[in-house]
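These are the structures in question, set out in turn.
Next come two complexes built around chain A: one with chain B, the other with chain C.
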Partner chain A sequence: QVSAALKEGRVTPTELCQRCLSLIKSTKFLNAYITVAEETALKQAEESEKRYRRGQPLGVLDGIPVAVKDNFNTAGIETTCASNMLKGYISPYNATVVQKLLDQGAVLLGKTNLDEFAMGSGSTDGVFGPVRNPWSYSRQYKEKSVPKSDSKAEESNWVITGGSSGGSAAAVSSFTCFAALGSDTGGSTRNPAAHCGVVGLKPTYGLISRHGLIPLVNSMDVPGILTRCVDDAAVVLGSLAGHDPKDSTTIQDNFKPFELPNLSDVSKLSIGIPKEYHAPGLSSEILALWSKAADLFKNAGAKVIEVSLPHTCYSIVCYHVLCTAEVASNMARFDGLEYGHRSDMNKSTESMYAATRREGFNDVVRGRILSGNYFLLKQNYENYFIKAQKVRRLIANDFVKVFRSGVDILLTPTTLSDAVPYMEFIKEDNRTRSAQDDILTQAANMAGLPAINVPTALSERGLPVGLQFIGRSFQEKQLLTVAKWFENQVKFPMIQLEVKRHDHDAFQHQKSASFS
Partner chain B sequence: AARGCGGVWRRAWQRGAGGPSPAPRGQRAVACNARGGAVPAGKSGLAPWEPVVGLEIHAQISSSSKLFSGSQVQFAAPPNSLVSFFDASLPGTLPVLNRRCVEAAVMTGLALNCSINKKSLFDRKHYFYADLPAGYQITQQRVPIAVNGSLSYSLCIDNKMSQMVTKTVRIKQIQLEQDSGKSLHDDTRSQTLVDLNRAGVGLMEVVMEPDMCCGEEAAAAVRELQLILQTLGSSQAVMAEGQLRVDANVSVHHPGEPYGVRTEVKNINSIRFLAKAVDYEIQRQIEELESGGTILNETRAFDSKLGCTVPMRDKEGKQDYRFMPEPNLPPLILYDAKSLPANMNHQQVVNIDLIHERLPDLPSVKRAKLVERYGILPEHSFTLLNEDGLTEFFENVVKQTQMKPKKVIGWILNDLLSYLKQHSLTVKESPVSSFLLADLLNLLEKKEISSTAAKQVLAELWKGEGKTPLEIVKEKKLELIQDQKELEQICQAVIDGQENE
Partner chain C sequence: QKVTVEVLDHLEHLALVDFRDAEGVERLQKAIQFADQLHDVNTDGVEPMDSVLEDRCLYLRGDDVTEGNCTNELLKNAREKVEEYFVAPPGNIPLPKLEERETFLQSS
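And now, the complex of A and B:
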């Protein structure tokens, strides 16, 4: 929508940019952004404006304000991964996906907040503090929350965004940008998307370049796309997907960007409902919603069948072993020697390394490094790492079998419940939370499959709940087509954000929620 | 298995007058027996020792860019001027495999009679060190690119070029891996300076099985490998520039008993030092064991000044490298004519058969051809190939002279080469060109001068004063007198002279 508006001149890129920047200021309490690149964004907006005036926009994304998770390298802009280790680190190059967005004329507003090094499911464990879910300040949530006499209630009652791409999800949800990049290793894009009521797409592994994405687990990471509607996600996907010679794990096949058809007839579809995703701890609310969604498809003529992915229950431990092993390896480069934080300790190289890493990493990161190194020890390698790889193969095969049996798309919940209040969330440690929250999203990363969260309805507490669709490898078009159909059916409500605005134009934002 | 044999050790032992008096450390030579096997003398003389030597050789691949990044490969460039983001391990960078490096490894594997693995894998080897920016090295631990080859090399016995024997060493594998950077320890300022120019340069690690038994064998094997690499062009293999690095694994045991504990010897900077280091270490181990001590499974450095090996400071305890597959590099798939899919882009693949077809003549083949073509002895062909440019020089002389190659070779190896060696010159630096030498040899061949005279002329030519052989002959009146009458007159004069006394 806003793209059309730009084209028609109803709004200019600079106006758009300024509005977003101002809204970012108004919503600072959300702590969604770590760095706001005001100057460069305005310059980019100006350039875009020139192009529109000439009648030569680069594409649909020209002039569209976007945000990028702070674990993507952005040239000339600080990239911290929400860690002391990289505080003050100015990337000398753009990640391929960032470059692609810029090449399309997108306006980079800033870098969003996350769990340190993308480790976490709440976006609460970064050095810049937790991200607040914009829905905490929505009328919908406030109406439903138990009124408290304490005026500080609002302060302490806010809910988490989910993680680890919480900042990006919050940015999109609060209208400060039209699309954001996240990353997804175990659910880090889909989880916050579900909690913040936005679309979160995890593409097939190998479709989008990881060059410039600071890795968590190289064999599972993918750049994630967060937008307010499925069509927007398709547009962003179209500009990002494709082989990158700088990333040897991207596939060579030519990728053709697509427009999503408006599906009217779902009778040829076969939707699979994996019974193992009825996980312990799944809230009855979400269970009911899942059921309702299945019925929706059934009533529209689609074939809805129960399927089984028997190894789902092992995915958590398997993920734990493989993730920590890769983390231990990937974090080995942070020694303070070439870049990043370096401790003042200089008695010896080794003591400098140890102090640097102790000072630079939080508990979560250090814990995973220790675990990972343990699993990689010669005497443990066979029993842990190799075993986990084998289990991973079994998990991936579960999906292959199901898809081969005629199922087109799987429908599952994305999260076990709606967003919990921060005060409650931090009662458990990061490891426990991750193990709980990742359970519904992780397997897709293990198998490298594309998956998407579509905001479905509001919970009893007035907070978003989403459902997840998992598709076949590299069949994003089919996946998004089905997701779009579903989105049109459920008509998820727009957030009614109550924010002390800097300017009155903020309200107008809500009218142009999507850009495509 | 070591090919050393018993028997000769007794002779070596009895060589010393009286009894077994221990020679000073490092000087006791390791005698080689008639079949080329080394048999060190034991102190007690009761049980012979069988030394076992294996080698790990790192050869820097000759390529314009590094193994996984596009930065240049160049010796002695300003510090940290050839470092890409990936080499410096900047977060978010990914490795991209260099095709030329793969081809170099395949060439080398084929030349060493290896089986080329059509599918090989990359792994991460983790350890913390200042010259390893990522905290891990990318190598091929599980499935390397080439395995199970062999290298034939020749040794001369008795230190004379009279008898040569051929030996073979098995090549366990060849793997592709990254080189590390360089660190310089500045003790005065208590700091370490790190230069990452070399970090990420492609290496081929060639692992030679412990089939060798003395320093001489090790040296000969490495020398032959060096020649092969240089012939292929896969590595320039110049040890002085760090393009060829050799680590020796040495142990000793009594024949029939299990292998002894081995030590690893590093910091060997030349082929000559390799032989010394290995021999020293063999002796050291024998002495240690004979005096009741034990050998530690340790890493030792060769001190070239002292001629001995010393334990290395920072290699205490065994390291667990926590090997893990490199997730950013898919398996390396190589093709041959049979397996190459029809629609595959030829730019994207490495075809083993194509590389095989294009292999140049290996040194062994070159030597055989020289022997066959010119009728020279095999030992001669070795010397010709061993000296950079000598073969070419020889062939040029042969082309320009009527003298038989069998005679020319004597002048090349005895006169030319010894002169060059005396003055530490390379063939390219020779003041006597092949043209001049051919000229001289022609005079000799035409019997215009005697061979003694020829040697005198050569001595003059070395001065490089620009005179031709003919000019020198005329100058020094070295012409052979052909005229019968003139000769009779001279003889008569001499006889007359004698009679007058």
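And now, the complex of A and C:
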């Protein structure tokens, strides 16, 4: 919608950019952004404006303000991964996906907040502090919360965004940008998307380049896309997907960007409901919503059947071992010599490395490195690492069997419950939380399959709940088509954000919430 | 079984990261306990999976130089450098042994 507005001259890229920048300032308390690249964004907006005036926009994304998670390298802009290890690190290059967005004329507003090195499911463990869910400040949430006696108690009632791409999800949810990049290794894009009421797409592993994405788990990481509607996600996917010679894990098949058809007939679809996703701890609300969604498809004529993915319960344990092992390897590059934090300790290289890493990494990161090293010890390699790789194959095979049996798409919940208040979330440690929260999203990363969160309804507390669709490898078009149909059926409500001291103009573009 | 101090010390050397405090050691213990659940799964005859793209061929591109000459850019982020060198403290000096190191493990 906003893209059409830009084309027709109803709004200019610089106006759009300024409104977003001012909204970012008004919503600073959300802590969604680590770095705001005001000057470069305005310059990009000006360039875009010149192109529109000449009648030669680069495409649908020209002039569209976007945000990027702070674990993607962005040339000339600080990239921190929310860690002391990379504070002050100015990337010398753009990640391929960032470059692609800029080549399409997108306006990069800034870098968003995350859990340190994308490890976590709350966006609460970064050095710049936690991200607040914009829905904490929505009329819908406030109406449902028990009135507090003093404003201070109300202040501390805010809920988390989920993670680890919480900043990106919050940025999209609060209208400060039209699309954002996240990363997804265990659910890090879909989890915050569900809690913040936005669309979160995890593409098939190998479809989008990871060059420039600071790696966590090389065999599972993918860049994630966060937008306010499924059509927008398809547009962004179209501009990002495709082979990259700089990333040898991208497939060489030709990728053709697609527009999503408006599905009217779902009778040829077969929707699978994996019974193991009725996980312990799943809230009765979400269970009911899941059931309702299945009925929605059934009543529209689709075939809805229960399926089984028997190894689902082991995916978190498997992930735990493989993730820590790959993390131990990937974090080895941070030694203080070439970039990032460097300790003053000078006695020897080893002691300098040790001190640098002690000073630079938080407990979560250090914990994972040490666990990973444990599982990789000679005496443990076979029993833990290789064993986990075998279990991974079993998990991936579960999906293959189900899809081979004629199921087109799987429908599952995305999270166990709606967003919890921050004060409650921090009562448990990071690893426990991740183990609990990743359970529904993790297996898709194990198998490399595409998955998407579609905001479905508001919970009793007035907070967003989303449902997840998982598709066949590289069948994003089918996945997104079904997701779009579902989105049109549920008509998820728009957030009624109550922000003090904002300029009224900023909310005019609530009317043009999407850009496609 | 509890992880021995020797193994913990070995891990600190390998990872070049220290346990800092009792919580750190406890965290590892819990992690191992958690991972032990893997042994409940029967994986007889199952091959380990390294990559979901294992059915495809890894390819090679032509041996042509397409980028480079960015020495200045790369040196900008390093703290200690001399001309075009990254400067490191002296190497080949192993991390001090447990007894001589300032590590939490000494007390355990």
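Remarks
What we mean here is this: the second predicted complex is superposed on the first by the 514 of 516 C-alpha atoms of A that agree within 3 Å, B and C clash if a C-alpha of one lies under 4 Å from a C-alpha of the other, contacts with A are read in each partner's own complex, and residues count from 1 in each chain.
Going forward, a residue touches a chain if its C-beta (ideal position, glycine included) is under 8 Å from a C-beta of that chain, and two chains touch if they have at least 3 such contacts.
In this text, all values refer to a predicted model and were calculated from it rather than measured experimentally.
Of the two partner chains, chain B and chain C are each touched by A:338. Legend: residue contacts after superposition of the two complexes on their common chain; A:447 is shown touching chain C, with no touch to chain B. Looking at the shared chain after the overlay, A:212 reaches chain B, while chain C stays out of its contact range. Of the two partner chains placed by superposition, chain B and chain C are both touched by A:353. Touch criterion met: A:386 reaches chain C, while chain B stays clear of it.
Contact with chain C, but none with chain B, is seen for A:314 once the two complexes are overlaid on the shared chain.
If you count the residues of chain A touched by chain B and by chain C, you find the higher number for C.
Contact with chain B, but none with chain C, is seen for A:247 once the two complexes are overlaid on the shared chain. Of the two partner chains placed by the overlay, only chain C lies in contact with A:370; chain B stays clear of it. Judged by the touch definition given at the top, the superposed model places A:92 against both chain B and chain C.
Chain A residues 92, 219, 245, 248-249, 328, 335, 337-339, 349-350, 353, 373, 377 lie at the interface with chain B in one structure and with chain C in the other.
Across the complex, chain A meets chain B through its residues 72-73, 79, 81, 86, 91-93, 95, 210-215, 217-219, 245-249, 325-326, 328-329, 331-335, 337-339, 349-350, 353, 373, 376-378, 381, 385. Interface residues of chain A, counted against chain C in their complex, comprise 89-90, 92, 205-206, 219, 245, 248-249, 251-252, 311, 314, 317-318, 320-321, 324, 328, 335-340, 342, 345-354, 357-358, 361, 363, 366-367, 369-371, 373-375, 377, 383-384, 386-394, 396, 429, 431, 435, 447-448, 473.
Chain B contributes residues 85, 88-97, 124, 126, 128, 130, 133-136, 192, 194, 196, 320, 322-324, 327-330 to its touches with chain A in the complex. In the complex of the two chains, the chain C residues touching chain A come out as 3, 7, 10-12, 14-20, 23-24, 27-28, 30-32, 34-35, 37-41, 43, 46-53, 56, 58-59, 61, 70, 73-74, 76-80, 86, 88-91, 93-96.
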